[in-house]
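Common to both upcoming complexes is chain A, partnered first by chain B, then by chain C.
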Partner chain A sequence: MSAKLKKLILEQATGTMMALLLLATAALVVQPRPAVAQGPLRIEITDGVIEPLPFAVPDFQAENGAAAEYARSIARVVAADLSGTGLFREIPADAFVSGITSFASPIAYADWKAINAQALITGAVSASGDSLNVKFRVYDVFSGQPLGEGLQFSGAIGSWRRVAHKVADIVYSRITGESGYFDSRVVFVAETGPKNAKRKRLAVMDYDGANVQYLTDSSALVLAPRFSPTGDKVLYTSYETGFPQVYVLDVATVGRQALSQQPGTMTFAPRFSPDGRTIVYSLSAGGNTDIYAMDINGGNPRRLTTTPSIETAPSYSPDGSQIVFESDRSGTPQLYVMPAGGGEATRISFGQGRYGTPVWSPRGDLIAFTKQNAGRFHIGVMRTDGSEERLLTASFLDEGPTWAPNGRVIMFARESQGATGAPSLYSVDISGRNLRRVVTEGAASDPAWSPLLK
Partner chain B sequence: MKRIAIATLVVGALALSACSKNRLGDQYGAAGASGDFVAGSPSDPRSPAYFQQTIGDRVLFAIDQSSLSPEGIDLLTKQAAWLMENTAYTAVIEGHADEQGTREYNLALGARRASAVQNFLIERGVAPNRLQTVSYGKERPLEICSDELCYAKNRRAVTVLAAGAATS
Partner chain C sequence: MRRGLYISASVHGILILWVLFGGAFNWSSDEQLVQVSDVSIISEDEFAALSAPKGEADVGGDTPPAPRPTPEPEPAPAPAPEPEPAPEPEPAPEPEPEPEPAPAPEPEPTPEPEPEPVVEPETAPPAPAPRVAPTPAPAPETPVEEAPEVVEAPEPSPEPTPDPLPEEVTPTAPPEAASEIVTEAEEPVEDPSLAPATSARPKNRPNRPAPVETAEPQTPVETPTEAPAPANNAAAVAAAVAEQVAGGETDTPAQDVPEGPPLTRGEKDGLRVAVSRCWNLGSSSTDAMSTTVVVMVSMSRDGKPEGIRLASWDGPSEGAANTAFQAARRAIIRCGASGFDLPAEKYGQWREIEMTFNPENMRIK
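Moving on, here comes the complex of A and B:
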């Protein structure tokens, strides 16, 4: 099988190489299709999906012995990614009328139609030495043709889950027309111990909870990590000195550096600007908390707000021109938008209750927030002018939304009530559907989603 | 039964501070959370134990507020007098919030509370360079139930003594 048309090299965060090749045999190029698929096999996410699209992912074909253990695992991860969105529903293998005996064989569409599989994903895996090669195709069963061209990824064997996530991202993208979010990571705070003596450390994991790595030990309280736009650095707050201060940590080396050490002040709630060159954060001095910005090396600190009220939780718009933040200047915490360099702020939240932790969507269209009203907490979204507020969740304590790289899903922390209360991570669609717990080993809080990995 | 016991404690909390702990704040804010007693006898007016237990090392705040209550002012007046007498000690004032509210807002609120205490002590004559503030927001509750009985005790500012002269 020749594969020469196009080759994309994708570099992993770990430094290993992963290659994406377009399979270009004549047999595959049945009919040119537009980049954004049309026809029956299509989910319009914006419509709010009522009925998930049924799909089948038979175990991938193992092309050699060394690939056997990955052929099934990769198909399972692809299926879990798709099902996890709530937009797709997997048809279990025991319902299959026929199997896939060879990646190259023609598809018996009638057999897949018979079980109502609208999408079919087939693949083949080969492994040699440290590297893994995965080929896959997506079929539009009801149209009786492939959906897009076959592709192949190669990468290190140890990154087989990433390869699976990339396959799922492409399937998701072809069917929804939106970019995927499966090949991404989440940095969060792993918690242990009782509520009045919590131990916290930074951890990073795949978006689905796999491959957890700890980035700090639990010798100092750490809070609210945030990824850089390239995903290689994390900003967070640590009590290492006994006082909260903003730090930056290199994910690969876990080396860390304090960014602000002005005696008598506390700094927290840091976030990167979209170009990665500026850090916006809160600084408390003399009991007053305002928003500041500084260069990524900690230099050139500048004050962006100057009111005696609390200003915190800043987040940039994706074009870097504006900052949404939380302020209690009106008497209760509410959301405001100001120019990125500071200046006059416009209040955007006007509903009942208190609003906090605003985060601008990577698409730029919405702001996610935490809302507290009548003894309950909610995660919600509103347009950037504050209109069309929608609450997506409700519980004793939901807080700290973070956006999936495609702006369609929000992850947050939910804490249970009472003396044994502990936080867990959850995700929810911006439609409010598909609320799911993200499984972590222990208690977890303060999630922050990375950009889509390259 | 537990609730009744806690309710009784709240009344006496300002004066007793029975579960307080008194050593320099570590990276976990344990000093203002719960645990150990400090050295010395609560009946020896020059001992940290007297400051912590007989005077009381903490003041409580109303929901979302950082203004001092009349009881808080009485207690801090005594704290100020003690600190003026016992100049070998410095203090870190820890501001805390209950679990209602977001992490970020509570950090800022705790900073306000700690600062309110610091300002009061300075007004009453304590040298500013003997007092530092830190906020733990909602990170270090003293009481762990999820109702107002606990929340009322968690909304606090704790004056944690440390031995040693002022640093600057």
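Moving on, here comes the complex of A and C:
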């Protein structure tokens, strides 16, 4: 028995040994195979192209008779918004292979691929009484699937352009990955009359120049309007009393209020802090100009700079912790950054020429400025430490940059040369591409972009 | 005597003149002509030799077009399936979009309140403003009625918005953008129509699988020989071995794929350039422009992308990574629609491709 047992145990032992050996050899045989496969082919693509993305916006479907006139108009505004960015190119309707017969019908992707439409926007409009309802979808044609879910917006019929801008904002953000700026407004100084007797008044319009409304009459010189962070108030400087005086104007009611002012001083270049509770501005007293801040109600004024040179044009960083401003303490106007509560300032501009009117991007990564060098004016951007300075424009006179709410586009005023020269508004992408004029009724200057409306 | 002298002198003179002006010059000219004719004979041969290939080339040029049409029909079927089958499977997702409207109403409530309240007050101030500037209070009531008036004003405004386009000419910077727009419009449109240019590929495929099959049998042979040995041992061990073997065998069907030598640098560059051509960052956010994405692409034998997925990314945000991935995916699908120009005999080498899209060179600085 014991001998048999030993034999059995031995057999088992040799069996398992053999099995282990076998497993090992099997593993060895199988292992080399992955080595043969060598993993996937690897390539690195570092050079692409920068071209506008082709898109198609067939007229939206009118779901009832009352919506008919808006179905096409809304699609046109959406297309104009997207094309106006320079990032997109609309494919004209006469190139379409097939149309959209109904909002719910399936998309014939092949027909849109055939005309190289990379994005497709479809929509339907219904109107009842005083309200308008717009639903829409965005498709990534080449991957054959919708970009996000369908959405719809409702609003008063009278605000159909705003609804269209909101649709365009969503489309823009789904394709580019950053927020849009179409549902926003711009406050500016509208100018009439000859160069030596200009009449100026504050005006506000949609970002694309539509729906212009005047906020003041032309009885007094006005300049440098700036939106509050919520877009419902405007700060501006008026010469109504013969001296510059800062006012806060409520856009909805057109009511206004003068900020308190010490006698014998002049205040100008005001701007809101990002939280809307503080105003930073320049104050000139006794021949010296410095930067001050005060609460929105006019209380608690405090001096932030104390040099004998001229400090002006302050602008907060979006987190409210720093202020960029212009100073000639080095002999020529240059840009400096200091803590929001005042303190030691760091010079950030070191190029040739004079720098002025710095504005911090709402994204916080760049500072836009006006630069004068060799007899020409430029709008430029630089990083907040002054590096990577890039000039985006050049002309006889470019000045006063203001950022779009998404920090991608800059609007500014350009004045043409000569006795008949007049300022007008232009916008440019921060890449320097897509410079285009913003159409206004007459001459316009000093633009300030609002935040996105809510 | 003198007569004889005169006669002989005149006859000799005539003879001398004839020799000088008639005979001597005639002989020399004849010889020269002969020499010239020799040269001309040689040159004719040369010309004949030279002209002969030309004639052949012409003939050949005529014949090839005949074979060419035959390859063309091949691509012809290719484009046909591309557009048609693609949309047909997609109709399946159609039902999905339809249910979407249902979820859409959910967002309704949120957007509705937002635009409506905001819009009315905003349109309100404008109305009173244009007429009497600093009048404050009365605004809120009137706006509702005057809202429709605003509608009329906006209508002309869509026209002015297109206007900026012509005026774009004046600026200094835009010319660059304009030139890019032109080139882009032309290239992509041509690509699909030129698809037949890659028609050579299908021919190669049938030939190559053959050599590969011979190589494959070797590996399966090895594993079976090992399998019988463990027969005496425990069943569990046999099962374990079987699993190992089975694991190997699952690879073997894939090895029907011709492995071939690694792709040459030229072949890799060709693929890189092909994808680069369609990699459009023009509509990417600045965040997406600073995001590197690694995309895994599984390829079909005809060089078309079958599956595209995001393997990894390096950038400021997930949203930016998603946008960057979309741009990369569009590039692969658009330029791969008619198949990338890859050697079919090396299919095993490029069946899976890891593409890294690094926009560092493209970034706005």
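The rule is short, and it goes like this: the second predicted complex is superposed on the first by the 405 of 454 C-alpha atoms of A that agree within 3 Å, B and C clash if a C-alpha of one lies under 4 Å from a C-alpha of the other, contacts with A are read in each partner's own complex, and residues count from 1 in each chain.
We adopt the following convention: a contact is a pair of C-beta atoms (placed from the backbone, for glycine too) under 8 Å apart; a residue touches a chain by one contact, two chains touch by 3 or more.
None of the values given here were measured: they were computed from a predicted structure.
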item: Touched partner set for A:Ala66, first chain B, second chain C, both or neither; value: neither
item: First, second, both or neither for A:Gly155, with chain B first and chain C second; value: second
item: Partner chain(s) touched by A:Thr393 [first = chain B, second = chain C, both, neither]; value: second
item: Which superposed partner A:Glu326 touches (first chain B, second chain C, both, neither); value: first
item: First, second, both or neither for A:Leu215, with chain B first and chain C second; value: second
item: Chain B versus chain C as contact partner of A:Pro244, first or second or both or neither; value: first
item: Contacts of A:Arg256 with chain B and chain C, given as first, second, both or neither; value: second
item: Chain A residues contacted in one complex by chain B, in the other by chain C; value: none
item: In the complex with chain A, residue positions of chain B that touch it; value: 24-30, 33-34, 64, 66, 92, 99-105, 107-109, 111-116, 118-119, 132-136, 139-146, 168
item: In the complex, chain A residues that touch chain B; value: 194-199, 219-221, 223-224, 238-244, 263-264, 266, 268-269, 282, 284, 286-289, 310, 312-313, 326, 328, 332-333, 354, 356-357, 370, 372, 396-397, 399-400, 415, 417-419, 421, 446
item: In the complex, chain A residues that touch chain C; value: 15-16, 18-19, 22-23, 25-27, 29-30, 33, 36-54, 73, 76-77, 80, 84, 86-89, 104-111, 113-116, 118, 130-131, 135, 137, 140, 142-147, 149-163, 166, 175-178, 185, 201, 204, 206, 208-211, 213-217, 250-256, 363, 365, 388, 390, 392-395, 408, 426, 428, 430-439, 453-454
